[in-house]
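Chain IDs A, B, C and D follow the sequence of writing; residue 1 opens each chain.
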Amino acid sequence: MEKLSFTMKPSTPATGTRARAIVGVVASGNLEVLLERNLPANICIIDIATAARGFAAVWEAVIEDFVTRRPAGGLHISINDGGARPDMVSLRLAQGVRLIEELEA
Amino acid sequence: MELADILASLFPGGHEVAVTGNLISGSGIINAIKVHVIGIAGQSPLGCEGALILAGHVLEITRKGSAAPILVLIDSSSQRMSRRDELLGLSECLAHLAKTLLLAGAQGHRTIGLLYGGSAAGAFIATALATGTLVALPGAHPAVMDLPSMARVTKLPIEVLKAKAEKTPVFAPGLENLAQTGAIHAVWNPDQSLAEQFLALLAEQTGGDARDRLGEGRGGRPKAASIAQRVEKEASHA
Amino acid sequence: MRNWSTQKEALALRRYAGQRYACGKSVALDDLPQFLEAVLRPGDRVCLEGDNQKQADILAKALANLDPGKIHDLHMVQSGVVLPEHLDVFEKGVAKRLDFSYSGPQSTRIARMLSGGKIELGAVHTYLELFARYFIDLTPQVALIAAVSADRDGNLYTGPNTEDTPTVVEATSFKSGMVVAQVAEIVDKVPRVDIPGDLVHFVVDAKKPFYVEPLFTRDPGAITETQILTAMLAIKGLYAPYGVRRLNHGIGFNTAAIELLLPTYGEKLGLKGKICTHFALNPHPTLIPAIEAGWVEQIHSFGSEVGMDDYLSARSDIFFTGPDGSLRSNRAYCQVAGLYACDMFIGSTLQIDLQGHSSTVTTNRIAGFGGAPNMGSDSRGRRHPSEPWLKAGADADPNAAAGLRRGRKLVVQIGETFGEKNVPLFVEQLDALELADKLDLDLAPVMIYGDDVSHIITEDGIANLLLCRDNDEREQAIRGVAGYTDVGRARDRKMVERLRARGVIRRPEDLGIDPLDADRRMLAARSIKDLMLASGGLYQPPSQFRNW
Amino acid sequence: MTSENSWYEAGARQRVAALLDPGSFAEFIGPEQREISPHLAIFDLPEQFDDGIIVGHGTLEGRRILVAAQEGRFMGGAFGEVHGAKLTGLLRAARTLGEPVLILFDTGGVRLQEANAGELAIAEIMRALVEARMAGVQVVGLIGGRAGCYGGGSLIAGCCSALIVSEQGRISVSGPEVIETNKGIEEFDSRDRALVWRTMGGKHRYLIGGADAFADDDVLAFREAALIVLAGNGRLDADVLEAEQQRLEHRLHRFGKAHDAIDIWTDIGVSEPTEIPGLATDEFLRRTTNKRETANGAR
């Protein structure tokens, strides 16, 4: 496993009030994303444990785009990755942000 | 130890235990205590018929209303792997056998498993692991799955698996590994009277299922006991 | 005085030699080895019928078991190198030279044998090219073909999987070659005559049907959200604006997703009757929901598909069927149809380079071409206009005088930026070049040349290469949809934004598509069973695809 | 057509959310507590924060209920140490609290990378389950996921007071590949999926009394079935096991010579038995009413 951690300064804080959300599942080509709202609104920390080694540059690019395009401020995001492709990572991150925006069911 | 030697050492005064088609049944007396015996011999697989025959014996014992101990002797392979057994619902038959043993335990029978040979997978769960206390003799060789099969499934070379097995008891086959996870209460000494070791075991108090705490103490299962306990607690306070 | 009938005389000798093992035209299965030894000559040019679907498997097995001391140095000219026996004949020395077009499942072994010198390669062709050469310089002296049934006169019923047979027989039999057919049974009267008996010299009762690979079955259960997103982009960003009605779909999950989105997403966009009405296409099971919903008017097929035969018979308004009711497929005609009468080809590939060249070759595999290059190329011989063809032509050359401007076929590559095992779709250089080097080939095996490609669709967006005015723009347009691959990350961001402003690149948001809406629930069928139910129970999928 | 709320396609969390009363589910040891497997790192395998099972409580039509749901996509829903212990703890709590339990199975059996711990976990779960049932608690299994209910999971299912199954659900001790690998393709061709389904699938299990209710592949259909099943009784005692002994002996006696499920379906008098696999739920239930073998609480 390779562990990566990124501390980002997103443009927008996450909306909604839910304390946490989880999407996805750890499987081949898939990943789980746990989002916890427990950081100052101007930062976002993303911790990654991935089965695919040597993709740090790709992760960085995906995450830069994510914090630019989606409101992610204040979120601590933890990822367990089963070797997902970047398109799946982007999708799960977007789904996670959308879920934490929703009202508590 | 061979089955005959085991029975001789358990029942110095003789016994009425028979083996029919690799299924063991009968009884003997140790120190004036009647002990029912069932089991499976000859490294044989356990299929639908065998499971129901053994379950039938257990039900017959419990029907009598005594609290005599039941000794389950095990030298099996795995569940019988066949299209026919699965077609007929092997899972129900094996679960049924386990339930009869668990019910007997709850009705006051001590259920003691003695693993003296092999056992694996579904057969192991339905017999040995469904007893209240499981002991073993040296040379017993339980296995959930043998290393070559495991190598095939995990796609890891067998040497790599062997090296990993050195570091943890959690996956590799073998008596010592299973004992560390808490599955085996004790390993008996074949050079001493099995009857006496049996009586000593009977004298021990039993409570609920202590295998997870045993595994925690032996270092084979670091988390099971505490996780189960936490869930239980959270459920009670929720 | 020159003898002008040597070929006819050679055929007569072969027939005479073979007749010893035959009763009428019928050769018993047990006599097949001796029979083949009697009719074949060392060095013969032989077509052993087989393509990506149907296989003359019994004849292949018999050929591979011949004694190379007696029969050797054959020159195999055949569509598919698919069965192990197709390469065994070279391994054993029965055959020496090979001209072929497709080698899917044998792609690794054939590459190994080529570099090991076991096979003397003529060329790797497209189907249509190889068929063409059957009539010019690669005419078979013996054709070993497969049919469903034969009557005692040798009339053949080739059934729904007719495929290459008429072409092979035409070229062989009318040029004094010998035709030997394996059939599953001999009947008094064949359901229909696909091949006239006087073109067929011998028939072998194989007692079982020839093998057919279910190559075009895609389980909707395996379609991912990203593939659905690419399909949404295709429908809304390409099919709709060009009004694509006549087309071919390649094999793959992206195109399967498109097929399954027509009755749902396509319906919502009001596109029914405006797109996807006529196909050159194998009977894809995933097209069943769209057919049932009335989207499709007509389909001509290269071959059939395992389990689809009853459905096809019951939908003769859509498919080509014989008087017996069953499908009639024909690979050669369908390839021509795809080349000349379709306005779009859309399919997947394994590698795309910075010029847009694409290839399914990796360094250790030669998969051949099959039909994709015919589908995926702009025919220079086309003369009839259509809306999408003219519009694409205008995209490519807006300044030319309309009356003198060629139209363009839409040739679309669709895929995810990363494929299986995280292998990037986009590369700086195709593996095909390295392979060509290794095997000393004159041509790198390029599936579709960059100048034929009009669009590339990934989850990142659509690149319209027709709108690119120079190589730089073209390269950046490709990088611009290459996502997080190395090629994509090396994009010139400013230039990509400029291309986007011009509509050369269109992102999902530019088309009003939210990637989060790409949900499996949009698929008109989400399992093989759904397809079976949608067909009213007529589609009977092979057992390995069932989950009931 | 696959339902909008397909059970087969949904993940464990989606199933639980749609099965219980809206918003009623609360998880024990949720993923934020990161109680992961301590053993997967040895194999350099990725962990999942909930170790592939969620346990908690919620309500069903207002009635408090305990629930466990396996995630069949994470390591095939297999039982490891933590995964198993969560279910053990839940069943022990059920006995103390006297509250019914729903187990949403989706498992290939024991997780090989922690095989000994997983095997033992199965045994502990079975014991906790049986003890809960002897105390009068209902434990209902729901089976219809991608991974099916195989290996040790099928033995746990065999201890439940009732099983609800959909066509997609498969219940079997040995999986098709395991039988093929050990006994050869002549014994079982694992690629012949029609054979897999008619030997182990939900319809066959329902027809021979291996399951009590048959549901459409839809979360709400499972909910309806659960409500009906939960209205019954789940107590396990000697009478129940005597009855089960008779039921299973009768089954072996009656169908023991059958080679294929079709033989069994023919025997019980189902019309056009070869059509059974292709039938939609309504038609399947209509054709088999009063014909199938039932457990009638004898489990």
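In this text, contacts are C-beta pairs under 8 Å (C-beta built on N, C-alpha and C of every residue); 3 or more make two chains touch, one makes a residue touch a chain.
Worth saying up front: this structure is predicted, and the values here are computed from it rather than measured.
> Of the chains shown, whose Cα mean is nearest the mean of all protein Cα atoms?
Answer for the innermost chain: D.
> Quick one: name the chains whose C-beta contact count is the highest of any pair.
By number of C-beta pairs in contact, the leading chain pair is B-D.
> Please identify the chain with the largest separation between its CA centroid and the CA centroid of chain D.
C
> Could you tell me the distance, in whole angstrom, between the mean C-alpha positions of chain C and chain D?
Taking the mean C-alpha position of each chain, the two centres sit 43 Å apart.
> Just the number, please: Cα centre separation of chain A and chain B in whole Å.
About 46 Å separates the centre of chain A from that of chain B.
> Between chain A and chain C, what is the separation of their C-alpha centroids in Å?
Chain centres of chain A and chain C, defined by C-alpha means, are spaced 41 Å apart.
> How many angstrom lie between the centres of chain A and chain D, each centre taken as the mean Cα position?
One centre to the other, that is 33 Å.
> Could you check chain D for residues that touch two or more other chains and list them?
Nothing qualifies.
> If every chain is a node and every touching pair an edge, decide which shape results: line, ring, star, complete or other.
Graph shape here is other: it fits none of the named patterns.
> For this structure, enumerate the chain pairs that meet the touch criterion.
A-C, A-D, B-D, C-D
> Chain D touches which residues of chain C in the complex?
520-521, 525-527, 529-530, 532-534, 537, 543-548
> Across the complex, what residues on chain A touch chain C?
The contact residues of chain A facing chain C are 52, 55, 57-58, 61-62, 83, 85-88, 90-91, 94-95, 98.
> Touching chain B in the complex: which residues of chain D?
26, 28-29, 35, 38-39, 42-43, 55-57, 66, 81-82, 84-86, 88-90, 92-94, 96-97, 110, 112-124, 126-128, 130-131, 134, 151-152, 154-159, 171-174, 178-179, 181-183, 187-188, 199-200, 204-205, 208, 210, 236-238, 241-242, 244-245, 248-249, 251-252, 255-256, 258-261, 264, 299
> Touching chain C in the complex: which residues of chain D?
1-2, 4, 6, 8-9, 167-168, 191-195, 197, 201, 203, 277-278, 280
> Across the complex, what residues on chain B touch chain D?
Touching chain D from chain B are residues 48-49, 52, 55-56, 59, 62-63, 79, 81-96, 98-100, 102-103, 106-107, 121-122, 124-126, 129-130, 144-145, 149-150, 152-154, 156, 164, 167-172, 177-178, 181-183, 208-209, 211-212, 215, 220-225, 227-232, 234-236, 238.
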